[in-house]
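The same chain A turns up in both complexes below, where it pairs with chain B and then with chain C.
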Partner chain A sequence: MTRSSLLALVVKIVLLAFIDAVAVYAAFFVLLQGNLVATVAILVVTALINVVYLARRRFLPAKYLTPGLLFLAVFQIFVLLYTGYVGFTNYGTGHNGSKEQAVSSLLASSLVRVEDSPTYPVTVVDRLGQLGLLITDPEDDTAYVGTADEPLTEVDAEFENGKAVSTAGWTSLTFQQVIARTAEITELAVPFSDDPNDGALRTPDGSSAYRYLSTLEYDESAGTMTDDRGVVYSDIGTGAFVAENGEELRPGWQITVGGDNFVRALTESSIRGPLLYVTAWTFAFAIGSVVLCFALGLLLALTFEHARMRGVRYYRLLMILPYAFPAFLSILVWGGMMNESFGFLNQVVFGGADIPWLSDPTLAKVSVLLVNLWLGFPYMFLICTGALQAIPGELTEAARVDGARGWNLFRHIKLPLLLSTTAPVLIASFAFNFNNFNLVYLLNNGGPRDTTTSLPVGHTDLLISMVYKVAFTGQNRDYGLASAFSILIFVIVAGIAIFSFSRTRALEDIQR
Partner chain B sequence: MTTTAPAPVQKKLPRRSLVAWLADTGWRHLVAIAVSIFAVFPLLFVISSALNPNGTLTGSNALFSKFGPDSFIRILTGNQTPYLLWFGNSVFIAAVTAVASTLMAALAAYAFSRMRFTGRRFGLITIVVIQMFPQLLGAVAIFLMMTAIGDIFPVLGLSSRLGLIMVYLGGALGVNTYLMYGFFNTVPVEIDEAAKIDGAGHARIFFSIILRLVAPILAVVALLSVIASFSEYLIASVLLIDPESQTLAVGLVKLVSNPRYADWSAFSAGAIMAAIPVVLLFLALQRYIVGGLTAGAVK
Partner chain C sequence: MKVTRTGLLGLGAIAVTAAFVLSGCTPGTDGGAGTGGTLTVWVDAERLDALQGAADDYSEQTGVEVELVGKDNATIKDDFIQQAPTGEGPDIVMGAHDWLGELTTNGVVAPLELGDSAGDYLDVAIQAATYDGTIYMLPYAVENIAVLRNADLVPEAAASFDDMIAAGKAAGLAQPFVVEQGAEGNPYHLYPFQTAFGAPVFGSTDAGYDATDLQLGNEGGTEFAAWLGSQGKNGTGVFNTDIDGAIAKQAFLDGTAAFWLTGPWNVGSALDAGINVAIDPIPSPTSDAAQPFAGVKGFFLSAESENKVAATDFLVNYLGSEDVQLALFEAGNILPALSAAADTASSDPIIAGFSTVGADAVPMPAIPAMGSVWQYWGIAEAAIINGEDPAATWAKLAADVSAAIG
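Moving on, here comes the complex of A and B:
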């Protein structure tokens, strides 16, 4: 065994050991969370990795494919499947945990101090960043400790003037630390016992705690919540406690709602309307962008297709600059230039006009296309130049001999050849623009905002930015609905993909 | 459009009239100048406002009227804007993503191009299909998944640069492998066989022979990856919550989110500094990119 192969072996073993250690740690944690399927999956995959890399002279392709395959499996394939799953749930603001979490959160959020509560001397303690309360029962001087998740349990503690001040495994906070974490401490509610109806202890000042009871009462056997007015909220299968008059307690919890999100998207008019026109605009935008950029790029390529012209190099350099400049920055710059009251276009180019570049629904669409033309034409120019040069000279010569000139030569000889060679690029460009999130979101936030719908949607929003807004902006994040939209886009993109497969040779290359 | 075809080749004339010049090359210069102005003026605007010490958007409208380094100093030292941190984060994320994704894609492309195994065809088709689905669409699922991973490994969870890199690695793999696979096929198999006869193992053939021969495509894929992750906004904005961990894209967007009150020239200064490395890299490797793009397009 040579030195270099020994080194390779050592590197291999160290890397494998690292991966195994991480995997075992992860598996242990996932098991603690009670997710058996994920635990088994992690262990099986790790075992396979070890087999692949430790076996000598076997599984050769797998040795090369495994790193990529792992990332692809987790961050593309799993993400795809998980998106599908979330699309069938009500996941989102007010529905992002289990039912138990919802119950304890409801009870905790409606806590009210018990008027005749005894005063419990308290020491704020910390364990690995998690705050706890070390309290002393004033009646029998026993010490208890608990956190937001763990109810009070009796512990041995050291006392000072009848107050427990420290206990093993916990760090007592100094006065300064208590001041620094006041907000966190006053938020803290430590459950009194395993039964959530027993209420909790809270400390408004970090030195004494009081008993708090919830105004809601949870009846576990009936699965209902009752408030102090006697109104009964029951679980009717919608992922929340609902009163008879339809009033809902928030937060609710996460449930599978079947096709509800899709049904809502296609039947509820306040969602269907925006979904339809956003889809129409997405297609119009993607097709319009490709056509415009291709037309300008082709025009330029034809313009420069002339040996005697001078300075072509410098023109080319200037025209490539928009392509070289990072797109998100140029989009932001365009956004500033198109500002209605202060922007460069209105103030300087149009001499103080008030053209609503970004605030008029129709003109905003034109502006988006204009900016995308600026961003995209250099690429098409490069592609068309290459494609024009690739047309054999004999072909155009032959056409000339047959009497074709000018427009006819272009229309019947060059254009068909160009279109057939650039078709894959045009399709790829369409697919890119179909999901051109950066442009519409950074230029104008998808705006102007459509005020006729409750969804946070604007007149230039594409499907992808609509997904983003429904999921991550506004008061109500609706992951379920956003994922349902994502699935609809998947279906559309898949249709385009199948279409483009039938038209290009992408798959034929593989046949070799 | 009737004039777009090349004008008939003229023999050298003693004098050319203006009309003849216009019909021959003159109109070409007119088109070129018009498009050049369209291409360059937003860039002139941002350079001018970066050099302008005044802060506002309105103040930036008089091109090249004032000069001063103030806005550069403001963006570099401002309390609200950890610009250098953002810059470092962007460079770190873009560089690590580029190197790792290029290497992983090269490994996979080598296997697909040089080895024959069961599932090869299926694997290739899967890659072609998967690269059609942009990772952006899974943003919600990625956010939920990274939150869950963060519960186990806080280093990889929300606001983690490593976590974001891992997401990018998964997303770019399909496209990159597919690009490289085609290029690997153009390297003659005889070279591998000769090396094999000389006693080289598969790892040695890959690392010391093949990787050098495919260097141009490695450069293109790495550069495209740098540009893509440098500009990526959606996933970065969802995952990077803590301002110290954000990238230039997320930070600068936040900076001008309200154009009326934004310090426009400080933003411009930041934009110029962010763009310079990318533009230089692009212009330096331009030949490869244009070659790579047109080779892919015009087979």
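Moving on, here comes the complex of A and C:
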């Protein structure tokens, strides 16, 4: 064993040991949280990593691929699967947590202070592990004690500043002890008297108690809620307690709803309408952007290829400027320039015209394409310049000998060669523009708004910005529906990419 | 699996090293049992310093550690709603009262008993903190819009809306009054004029706003729409959807507008620009008062908090004290919600000006139905300003909203 390979081995072992340490540590914590699946997954993956890097030569390709695959799994596949899972749930406003959480939240907010009841100074007391409340009636300064099972009874107590602080047979809790037993104290309700209609005393902060009546009762065995008017709300499998007349109690909870979100996206007319035309516009935008940018970039590249003028280099530099300038800023500046009353375009370029660049549905689409052309053509210009230079001179020479000139030379020789090299770039550009959220969101926020639908979509919204609006704006979030949309987008983009790449192979044959 | 000798050697070495590293990483057991746990509080990052003193005091007196986490104000609500059910959320979160509808619908906030101290707060603050008859929020500040007047251009407050425009024109200004709008309108800033015509969004009962009683489309609403149309593109041009927040601000700072309907958050930049700012009540286009929305800021208690007793104690008995409310006031320069602190803060004429306007303010409805209103409201107002038929557009708005509320 040479010295350098020994050093390599040591480095490898230290690195692996570090990874293992982190993994074991992580697995330990995940296990403590009770997530068995994640624990096993972490351990299995770590074991695989060790096997791959310790076994000599056996898994040589895997040694190079493993880090990439791991990140792919964490940042792509997991996200995709999780989005897919959410797409099959009703996760969203009103269906946020578990059923248990919904029940406890409903019960907590159903408590109503008994009208005109006073604030009772309270000391939390303990007798053989059972908690009680030692309260002082503020009207006559008498002390009472009670527990969850026994209503208040009058007792003799020691007072301090008009507040009963201790009584025989009970241990008074210090503030620290109260906080340590928060869970029990939050649950503790001491009946005021034998009559349940008098309410029960609870102490939210450990120093004052208030008398509450509950307006909701939860029947655990039947799984129903009953309110003070006697209306019964039951769990009918929709993720909420529902009364017979259809009234729902909020919050509800998360459940899986199968393909409901997908069915809704495709059949509910108020959603399907916008979904259809947003999809159509998304395609139009993505294809239009690619074609326009490519056409302009190619035209400029051809122009500069044989430009007989001085300072071609500087012109080229100018062409690339929009690409070099941060796109976020460009978009915002364009948005300002297109303001109808105050923008640079209308005020200066068009001499005070009232052109509704961003507020007319059709013109807004043109504006979005225009701005994207500005942002996108320099890249295509660079690519085309490079690709043109890569076309062997003999080929064009040979074509010339055969009598091809101008357009024919371009159409039959240069363009096919150019397309075969730039096709992957065009596909990538299409996929990028298909999800070009930044442009749409920053330029005009997808506007002008479509007032005819209940979804908050606008006339220049792409699928991705529509998904964003459904999921993250307004007061009624619908993560389930948004995830279903995301899955649909994924299927569309993946489908197009697969189709395009199979076509590219046909183009590649030209070069052989 | 065939493991070579170096492989075995490696495994052994890894086991040893791993054990070594691990022993250094083992989580230490929690310090003494005397500590009373930890309260995690999510606060707007800009208010972190103002709260630090109160948090430290509380820790010192009770042994409960208070951990303040600065969050971006724009994401704090969504983060809270998403994380509360996982048990990873905070015990207390800072926010605004109009989140209440969403927070309660998602079941992530717990009721807060203010006890006798409820009477120590401004009425509007308690109304705003109350949702469906239950108080959920400890209020700390009340915010509303008012008219900022450039007292060098127009020395006297205007008595009515038309007076204001006339006074500005007399001072030689083409666009004397600016208010933030935008392509999708801005109903929040137009609401005072709408209430002047007697058209609140919802009617109210003792328990707060009543979602079943939509008042938006009443007769006053139609009158308001007609007035708005007459002040829009095809009328006097006082309202313009191309004027967004930045343009309105620039007009006032440049002195091309003498009146600016905006909130306390913009006063600083006007003062910095050297403008002699006076705060006026909002001039009404009718004989009734123009009532703006009041936004109330406060603290919520998480429904999933495992430390509710300490959290309630910290909120009600500490953050509700005059000192803390004044410290928060100094950090944000908006009127404290605690009456005693509000009186102290009102020695500042700017705060006093906003507070006078705020006396007429009504809490912004927090009920979930309000989401459906926002969705259509601004768009309809923008359309009216841009010359659509006022009555028909307003009627469609009312119909859309009541359909969405269901």
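List of remarks:
Here is the rule we use: the second predicted complex is superposed on the first by the 334 of 512 C-alpha atoms of A that agree within 3 Å, B and C clash if a C-alpha of one lies under 4 Å from a C-alpha of the other, contacts with A are read in each partner's own complex, and residues count from 1 in each chain.
One rule holds for everything that comes next: a contact is a pair of C-beta atoms (placed from the backbone, for glycine too) under 8 Å apart; a residue touches a chain by one contact, two chains touch by 3 or more.
In this text, all values refer to a predicted model and were calculated from it rather than measured experimentally.
Among chain B and chain C, the chain that touches a larger number of residues in chain A is B. Once the two complexes are overlaid on the shared chain, A:V122 sits clear of chain B and of chain C alike. Contact with both chain B and chain C is seen for A:F342 once the two complexes are overlaid on the shared chain. After overlaying the two complexes on the shared chain, residue contacts for A:F472 are found with chain B and with chain C alike. By the touch criterion stated above, A:L152 is placed in contact with neither chain B nor chain C.
In the superposition on chain A, A:L134 makes contact with neither chain B nor chain C. In the superposed model, A:F304 lies in contact with chain B only, and not with chain C.
By the touch criterion stated above, A:A265 is placed in contact with neither chain B nor chain C.
By the touch criterion defined above, A:S98 reaches chain C but does not reach chain B. Chain A residues in contact with chain B (one complex) as well as with chain C (other complex) are 25, 339, 341-342, 472.
By the touch rule above, chain C contacts chain A in their complex via residues 1-4, 6-7, 10-11, 13-14, 17-18, 21-22, 25, 34-37, 62-64, 78, 81-82, 84-85, 101-102, 104-108, 110-113, 115-116, 132-134, 183-184, 240-243, 247, 303-304, 306-310, 312-313, 316-317, 368, 370-372, 374-376, 379-380, 383, 386, 404. Put simply, chain A touches chain B in their complex at residues 8, 22, 25-26, 29-30, 33, 60-61, 64-65, 67-69, 71-72, 74-80, 82-83, 86, 91, 296, 299-300, 302-306, 308-311, 315, 318-330, 332-337, 339, 341-344, 347-348, 374, 377-379, 382-383, 385-387, 390, 405-407, 409-410, 421-422, 424-425, 431, 435, 437-438, 441-442, 464, 467-468, 471-472, 479, 482-483, 486, 489-490, 493-494, 496-497, 501, 505-507, 509-510, 512. Considering their complex, residues 9, 12-14, 16-18, 20-21, 24-25, 50-51, 54-56, 58, 93-94, 96-98, 101-102, 104-106, 108-109, 111-113, 119, 175-176, 178-180, 182-183, 185-186, 203-208, 210, 250-251, 339-342, 358-359, 444-445, 447-449, 451, 454, 456, 472, 474-476 of chain A touch chain C.
Chain B meets chain A in the complex at residues 1-7, 24-25, 28-29, 31-32, 35-36, 38-40, 42-43, 45-46, 56-58, 60-63, 104-105, 107-108, 110-111, 115, 117, 120-121, 123-125, 128-130, 132-145, 151-153, 166-167, 169-171, 173-174, 177, 182, 185, 202-203, 206, 227, 230-231, 233-234, 238, 249, 252-253, 256, 259-260, 264, 267-268, 271, 274-275, 278-279, 282-283, 286, 290, 293-294, 296-299.
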